[in-house]
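First subunit A sits with subunit B, and in the next complex the same chain sits with subunit C.
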Partner chain A sequence: MAAVRLWRCRCRALLSRPAGAVRARRGLAAGPEMHFGFQTVTEEERREKIYQVFENVAKKYDVMNDSMTLGIHRVWKDILVHKMNPCPGTLLLDVAGGTGDIAFRFINYVRSVRQRQLQRKLKHHQNLSWQEIFESYQKDQFNSLGDSQVVVCDINREMLKVGKQKAQHLGYSEGLSWVLGNAEELPFDDDKFDVYTIAFGIRNVTRIDLALQEAYRVLKPGGRFLCLEFSHVSNPLLSRLYDLYSFQVIPVLGEVIAGDWRSYQYLVESIRQFPPQEELKAMIEDAGFFRVDYENLNCGIVAIHSGFKL
Partner chain B sequence: MEIHPLAGSRTRYCSRTRPTKDSRSLHIQPVTCSDLQLPEPRASDWWHQLYPGHIPTSPLQKALLAAGSAVMALYDPYRHDMVAVLGETTGCLALPNLRDKMKNHPEGYRILQERPRIRLSTLDMARLQGLPDGSLGREYVRFLEDNKVSPDTRMPPKFVDDEELAYVIQRYREVHDLMHTLLGMPTNMLGEVVVKWFEAIQTGLPMCVLGAAFGPVRLSSRKLQVLATELVPWAIRSGLNASCVLNVYYEQRWEQPVESLREELGIFPPPPVRV
Partner chain C sequence: MLRSPARLLLRHRAGPAHGRHCHRQQGSGSGSGSDSGSARPQPPEPSLLRFLVCPLSKRPLRYEEATNELINEELGIAYPIIDGIPNMVPEAARMTHKKPPAEGSEQP
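Up next is the complex of A and B:
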């Protein structure tokens, strides 16, 4: 009985967010108080707690993603890379890219584009001798990525470790680098990257405005910013089902599969605390990006925001 | 022997054990952390935990947890935390019964008041090792060493929504090793199944019943035969004959010989098979 009442209290409070939390939600300097899920903590505490959350879940991160989203997260990430449509020679920075999902998809995409490029080139050379064809294959064999590179940057050592192991296991070796770094203070020079992506990571950044400013800084002029993140569902029926699923099922999955209820409770609460699509679009524009737009996937469960540095 | 900080001072705890007829709401107060010497929670902390480590859950969540933990425990028998979660989420009927059995017995009532905990930090291992062979303390320490287990690996309860029942299930978990000692069963799969049969009869916890019923699926046919012909009948007979094992203040009986304790409880001597 007590539990049902407590749980109902939490759900009621879910709907009535205090006004003071709005500034905190925007990830702006809201004084010392910030949100960690539905709790109120200081900035430093929030960083530490989030670090611990990802340290705990790192090994089971991929399994949990598959079970929570029933594998749909793979489709979302594929859509992100297709939207990016990278050509060989692109330099990608994948922030909060821990286990490397976006990086591996980028490499696959660029490789297949490169293959098609090479095939087309060969088709145009009608009268090459076999020796010349063999030599051209040799030359391009070492360039299967066409000089594309991806830098995976994450603040959490455990996530990077898991990512590196995955890369070894799946056989990705060239064109990939792993860097330990903070999205709010990237260890890179200005105007370096063609594309900056952050998939399901910006929600965990303590100061979103700083992260966006850093993204603007490290992108080349003409560079693209892409952000894949859980967002707000406008459809009321779907929203209720989604809430029910998020709050009832996901922590249970976390407990059963990963043995960690609280990290997944944090996950679903942080999704609710994150700014909705329009607000995030405004924040991206504030950082200096142009042609900012967003695309809702699955009615707003996930949204891809895109902007250009011009 | 450590006294639980909430012992005796029932006015300062968290929930009434039964809702009263006049008010449908239970009056719940957060545990004051000065009682427990823990860091103060923030005022805006969401969960008014009934005890440290408590996670309030809805009935739907409990049902999902019960189903999920049952499947996971069968799939991966090394997930002891899943067995614990299964016990907590399915024990809503059995735990109050156990608590009442304890309350109505003088020794059990004392345990509920004083809330002793069996932990390495509270056990005087040197003293127990110095006790004569055949005494409860000596045999318990021998069991811990032979099987390389420790009483500190028991999971604290998380999903029980009453702090007294949380203590009851914690006590049950800590006494589990003593069950092994009293029944003379090692911690291999066969021994665990036998102890589960005994506990199923004694406590009526659905988790024990499920463990007793599904545990044997992973045993070889030879062991199954031994189990079915000798060990299970003995466990059932002892379980039915014995008084409630949670009503024994083990911490005050380390010097008592195991045989005498078995006789006092009503546990029959174990059959002469190698487990």
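Up next is the complex of A and C:
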């Protein structure tokens, strides 16, 4: 109750604070002290706290995403996969992808591309022998992804558990694997993946610079880095509304649906602490990526950053 | 320096690093310790093994069927596979031999 009051005060303070002030706070983040939402904590504390957040919300993660964004997060993820435009054979590493949202979309996308390819091939080749018909069925059955593979890597066991269960329930198994690992210290060999994605994950990584270096390391030359993340709204009116919604509605939804106010308060605070579009772009360039670019979705509520390892 | 065995040793010497994560594993019913003893440990997917390396040394790992672990011989550490998911964080790894390969003299 006292916490609620405190939270309300903090919200009001935030809403009345000019946009620049939030950024100025971030300037203080230098040194071993980090932000956990608006709290200042040590690196180790931050890791622990974020682990707890996702441990707590794992089971309700999908329901909460739907209710908080009115289902729009699905569209954002679809846009990410469309931007990736993977062809059959693509090897994807999806970091912080515990519940499989990106992985399942990737599999669906590759399957449909593969199917179209096979159909086109058959159209140009009408008089098939029995042998060829037999082979085409075999290919269809056993290789609907054309050797594509997606590896989901997440540091949180609970999130992975939910994702794996979801995969079993939805019937995804081919070309899909799960690994528990840290984005800052990936357990994958150099130059292995065609695409690296991190959707709504990089914000929760404690050392973003290390995660970006690791992304660069595991990508093949020519590979692509794609990051979908909440970002900063430039339109002042929309920004006000968005703040109002974030701080007044989201923690309440968190409490009602997931029984967890604090985790969702962290969520909205962490969005405000995360570097804006241009700053993240510069960080991606610092990691060695080329042709770094970003696209704002919904006026900057989220942004997709893209870069290539050349 | 970042990826030296010494770093791992420090983590382990600090002691409760493994213990700290233990409480998170209780829910699954098969923790890293009980995994080798459970009726049917789930092996990792074979296609995954061609990507995996040790997150510390970035060197290839050997899959040990008997214990259902991924082993880094060089550093003498083993990563457990829990419910078919390789647990590739050094905090969850187990030292395979008692005597550390380097800086053994620092041991109190």
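Criterion: the second predicted complex is superposed on the first by the 275 of 310 C-alpha atoms of A that agree within 3 Å, B and C clash if a C-alpha of one lies under 4 Å from a C-alpha of the other, contacts with A are read in each partner's own complex, and residues count from 1 in each chain.
Keep in mind that, in the parts below, a contact is a pair of C-beta atoms (placed from the backbone, for glycine too) under 8 Å apart; a residue touches a chain by one contact, two chains touch by 3 or more.
These numbers come from a predicted model, not from an experiment.
Shared-chain residue A:Gln248: touches subunit B; no touch with subunit C. In the superposition on chain A, contact is made by A:Leu160 with subunit C only, not with subunit B.
Shared-chain residue A:Asp191: touches no atom of subunit B or subunit C.
By the document's definition of touching, of the two partners only subunit B reaches A:Val256; subunit C does not. In the superposition on chain A, contact of A:Phe38 is made with subunit B only, not with subunit C. Contact with subunit C, but none with subunit B, is seen for A:Ser177 once the two complexes are overlaid on the shared chain.
Touch criterion not met for A:Asp286: it reaches neither subunit B nor subunit C. Overlaid on A, the two complexes show subunit B and subunit C touching no common residue of subunit A.
Chain contact summary for the complex, subunit C toward subunit A: residues 24-25, 27-28, 44-45, 47-48, 51-56, 58, 60, 79, 82-90, 92.
Across the complex, subunit A meets subunit C through its residues 51, 55, 149, 151, 155, 157-158, 160-161, 164, 175, 177-182, 185-190, 192-193. Listed in rising order, the residues of subunit B touching subunit A in the complex are 15, 19, 25-26, 28, 42, 44-48, 50, 55-61, 64-65, 68-69, 71-72, 79, 81-82, 85, 158, 161-162. Residues of subunit A that touch subunit B in their complex: 1-7, 10, 13, 38-41, 248-249, 251-253, 255-257, 259, 261-262.
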